[in-house]
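My structure is below; once you've seen it, I'll send some questions.
The letters A, B, C and D name the chains in turn, as written, and every chain counts its residues from 1.
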Amino acid sequence: MKKLINDPADVLKEALQGVAAAHADRLTVLTEPNIIIRADAPVQGKVALVSGGGAGHEPLHGGFVGMGMLDAACPGEVFTSPTPDQMLAADKAVNGGAGVLHIVKNYTGDVLNFEMAAELAGAEDIEVEAVVIDDDVAVKDSLYTAGRRGVGATVLAEKICGAAAEQGKSLAEVAELCRRVNANARSMGMALTSCTVPAAGKPTFELGAAEMEIGVGIHGEPGRERKALAPVHEVVEMLAAPIVDDLPFASGDRVLAFVNSMGGTPLIELYIVYNELNQFLSARGIEVSRNLIGPYITSLEMQGCSITLLKLDDEMTALWDAPVNTTGLRWGA
Amino acid sequence: MKKLINDPADVLKEALQGVAAAHADRLTVLTEPNIIIRADAPVQGKVALVSGGGAGHEPLHGGFVGMGMLDAACPGEVFTSPTPDQMLAADKAVNGGAGVLHIVKNYTGDVLNFEMAAELAGAEDIEVEAVVIDDDVAVKDSLYTAGRRGVGATVLAEKICGAAAEQGKSLAEVAELCRRVNANARSMGMALTSCTVPAAGKPTFELGAAEMEIGVGIHGEPGRERKALAPVHEVVEMLAAPIVDDLPFASGDRVLAFVNSMGGTPLIELYIVYNELNQFLSARGIEVSRNLIGPYITSLEMQGCSITLLKLDDEMTALWDAPVNTTGLRWGA
Amino acid sequence: MSYSQADDWIRAFAATAAANKVYLTELDSAIGDADHGINMNRGMQAVLGKIDGIGETDDIGALLKTVGMTLVSTVGGASGPLYGTLFLRMGTAAAGKSELSADDWAAALAAGLAGVQTRGKAELGDKTMVDALTPAVDALQAALADGAAFDDALRRSAEAAEGGMKATIPLVARKGRASYLGERSAGHQDPGATSSWLLVLAAADTFAGQAGQ
Amino acid sequence: MSYSQADDWIRAFAATAAANKVYLTELDSAIGDADHGINMNRGMQAVLGKIDGIGETDDIGALLKTVGMTLVSTVGGASGPLYGTLFLRMGTAAAGKSELSADDWAAALAAGLAGVQTRGKAELGDKTMVDALTPAVDALQAALADGAAFDDALRRSAEAAEGGMKATIPLVARKGRASYLGERSAGHQDPGATSSWLLVLAAADTFAGQAGQ
């Protein structure tokens, strides 16, 4: 295992120490339990946004804590859900009296732990709403499974809902908006290589030198199919077609196109992916009016990418454009 | 070779098409020859900053074109210097009457091509100054070689000098500042894995499963020594000690600490590196007063990191903090 | 069942979770994310730390709630809230009692199972821990209805859990991570059903030869 | 040397650059970045495109300047500006001439070499193209001083270039990428010195049997 780490058991702890040391001006990092909160929390009268999940997806979620996005993030160990005491501590730390929105990626562990946390917070008179993000079209027959996984739409929901909260929207309104973002977003990812969970010490899955995994999850979960390597033109088609068909996205739609690195794919390749995606969408009359290109929801050092499309309306567009100041996403501030 | 590309020969062209499609609002991408310029260029009366070099280091340099940083970037093919016609075209496009600063990484190819370009620009009555960045302490005996390579300090110089130009400093002042940044910055990098140049199709160098290369260059040039994998605590020591000894950085110094991913190393590991670096510096009485953590000067998908330290003074600090609005670095705007 | 027997049972489960850490993790690596044994062991080790320092009490309900809260805050993943809920509900059922009759125990386990199902929404046959716990509760109640002694009833309960666990092998998972595999999840034994069998087996083993208490 | 012979020489160099593309690149992979053959071939293919469309002219200086400008804008790397400068300086030396005497040619090559050294700051023995070009110029001038015919002088020049090229093998590089390798650069033939030998050899081959013109 080739990683810039010390003891695999200390990865999360030491990464959080690094975050604390690097961003003390804007973030407060607490341990026992682990949470990352806005230095200026609680923001009185503002709906607070709390998210979380296993580590290994950085900058998600800790990198999105700050003005215009999350109030707190609860990191679990690598690819392991956080526990309810973390979310409860976060809820208490950031609740400014207007309630807390839990943004939860749809994995059984995350959902159940956030549910218990919400019950505990409720018992302490903190108003909590939870929205479960489930945008991954790679999971078929979601009625007979734990459902679609939550992936790239999480980043978009955190940004857009964070802006709405900043503008003074109520908990019900922000939660409703979050459901709308989720309902209008679809994603699919692929892997060229596996990742290695530090504690496991060996690759999560094996992939031949001439193979790729289409529809992979952000924890290296198997996808729809294993295929021979193909030019990116075809890869984008394999990802974008199921996305566009699913909602469906139609001619005349304006979308936010999010091209994400799984962690090990460099920017030069992402721009080639974006170029293909843009052509794919143009050919269908779908206009990309906003975009996001980079490593924002990663799977450790996995090589590969994911594509997320969000059908935009004017409100979502304006909220996307609103100022944000986090270590992972920043503009207008 | 596992990459999200089509024909290896089209990598640069298609990546530039992607950049053009994604950022038409803020960047103009020209071809024949290839240059990326600020959409609002030329900015009248402002010193213009032009940089460039082989592609494969993204976001460097194209991702740093915009308000507060570069006016133009000239990308060569992957790991190949650009040619003087590119720099000349860039100089003409961005010169706002106050002259042009060429920021050149110290590689023979880059230096010679920028030199020819400066002569050509001079012949067209464009005032050009060039500053060569050579911050890589991994290259020993630089008197008897092509000299130290230009690496991480390039990013810092582009930011700091871009801010000075934005504030109306003269060409001589901006060039002098650029030399000062270079003189006060030192870097060293390491690789856990090689990268693969698309046109070559195979890894630039071979590294055993239990080996790492200390002192590697950003094109996969061999470093100081090949060593057995070690905990990041020791890796940081191997990089930071030669850096600190070289300037030297001394107790009481305030520095900007830049922890850079070579492309394939994810953020969670960079924060662990930063944590170690911060402790290393604290123990020597060196205060980290600014930091930058992420993939900013990369080597395709190479796994590894580099560390750059810049000894700050008040002027450099204020210029670092000044607004910048590029696709790769953005704050305050 | 006395307080100290309940305490023995928890310690026995911790021991078997430690002993089967690698086995449970291997089961999870086939259809999940290779951490179930690690998760359960981490949680039960934390439980040991907690119950050692629990102080003077004979409230079995308090003991079980401590176990549940500790699992909730240390296991994570899907199994943390599920096992946590199981013990919390058993604790509520046993609240204030220093002695559990066989019927009390059966009612507590049934309450725990109900909690797991409320939380996780899994039905019998979804290839989860519910597939081991449901037959365990059913067999326990049937045995007690037959007039079986506590130790014998627990043994029959553990046997039924084992059967339920083995019956998960051919199933296609419909809940949890394994469900993403679709048909590919068939042919593998569910890790959570396996740890649930170990839980019931630990109770049977603890009581073996201590009949009728 | 007539205009058409100069044109032949350029085409011959393009042909040998193409034929040795892999060889030059392999040499560069040992101590550089494995692109020298690719670079030179790309440049000379572009040159062919340019000189085909150069139109009616008999100005050898203009021809060589076109070659130089084309190399500058298509080769990149270190060798682009260096070979570009070589041809631009040769072009300046030959400006306006439709015929070059042996002495003119020697003077032009010497001017080209001087340009390479001004641009690249390499000395003899730094393990660069200068190590092939310097003996080539020296041998050419010595041969002409001896009263040798043009074709013979060019042959001796090419032989000297070959010797200079081979002499780079034991050297430690002090310029260009190879210098980063320090001692490890010894034992490998310099790619740029090799392409420079091919350049001089192409001239000798073009003129073989066309003595005295």
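In this section, a residue touches a chain if its C-beta (ideal position, glycine included) is under 8 Å from a C-beta of that chain, and two chains touch if they have at least 3 such contacts.
Bear in mind the structure is a predicted one, so any value in this text is a computation, not a measurement.
*Asks:* Tell me which chain's centre, taken as the mean of its C-alpha atoms, is farthest from subunit D.
*Replies:* Between subunit D and the rest, the longest centre separation is with C.
*Asks:* Take the average of all CA coordinates in subunit A, do the same for subunit C, and state the distance between these two points in whole angstrom.
*Replies:* The separation of the two C-alpha centroids amounts to 33 Å.
*Asks:* Could you work out how far the Cα centre of subunit A sits from that of subunit D, in whole Å?
*Replies:* Once rounded, the distance between the two centres reads 57 Å.
*Asks:* Counting in whole Å, what is the centre-to-centre distance of subunit A and subunit B, each centre being its mean C-alpha position?
*Replies:* Once rounded, the distance between the two centres reads 29 Å.
*Asks:* Which whole number of Å gives the spacing of the CA centres of subunit C and subunit D?
*Replies:* The separation of the two C-alpha centroids amounts to 81 Å.
*Asks:* Taking each residue of subunit B in turn, which ones touch at least two of the other chains?
*Replies:* Expected reply: no residues.
*Asks:* Touch graph of the chains shown: is it line, ring, star, complete or other?
*Replies:* line
*Asks:* By the touch definition up top, name every chain pair that qualifies.
*Replies:* The list of touching pairs comes to A-B, A-C, B-D.
*Asks:* Over in the complex, which subunit B residues touch subunit D? Could you list them?
*Replies:* Those residues of subunit B that touch subunit D are 33, 76-77, 79-85, 107-109, 112-113, 115-116, 139-141, 144-146, 149, 197, 199-200, 204, 217, 219, 221-222.
*Asks:* What part of subunit A is in contact with subunit B in the complex they form?
*Replies:* 2-7, 11, 14-19, 21-22, 55-56, 58-59, 63, 78, 192-193, 209, 212, 229, 231-233, 235, 263-276, 278, 288, 291, 293, 295, 298, 300-301, 303-305, 325, 330-333
*Asks:* In the complex, go through subunit D and note every residue touching subunit B.
*Replies:* These residues of subunit D touch subunit B: 33-35, 38-39, 72-82, 84-85, 119-120, 173-177, 179-182, 184.
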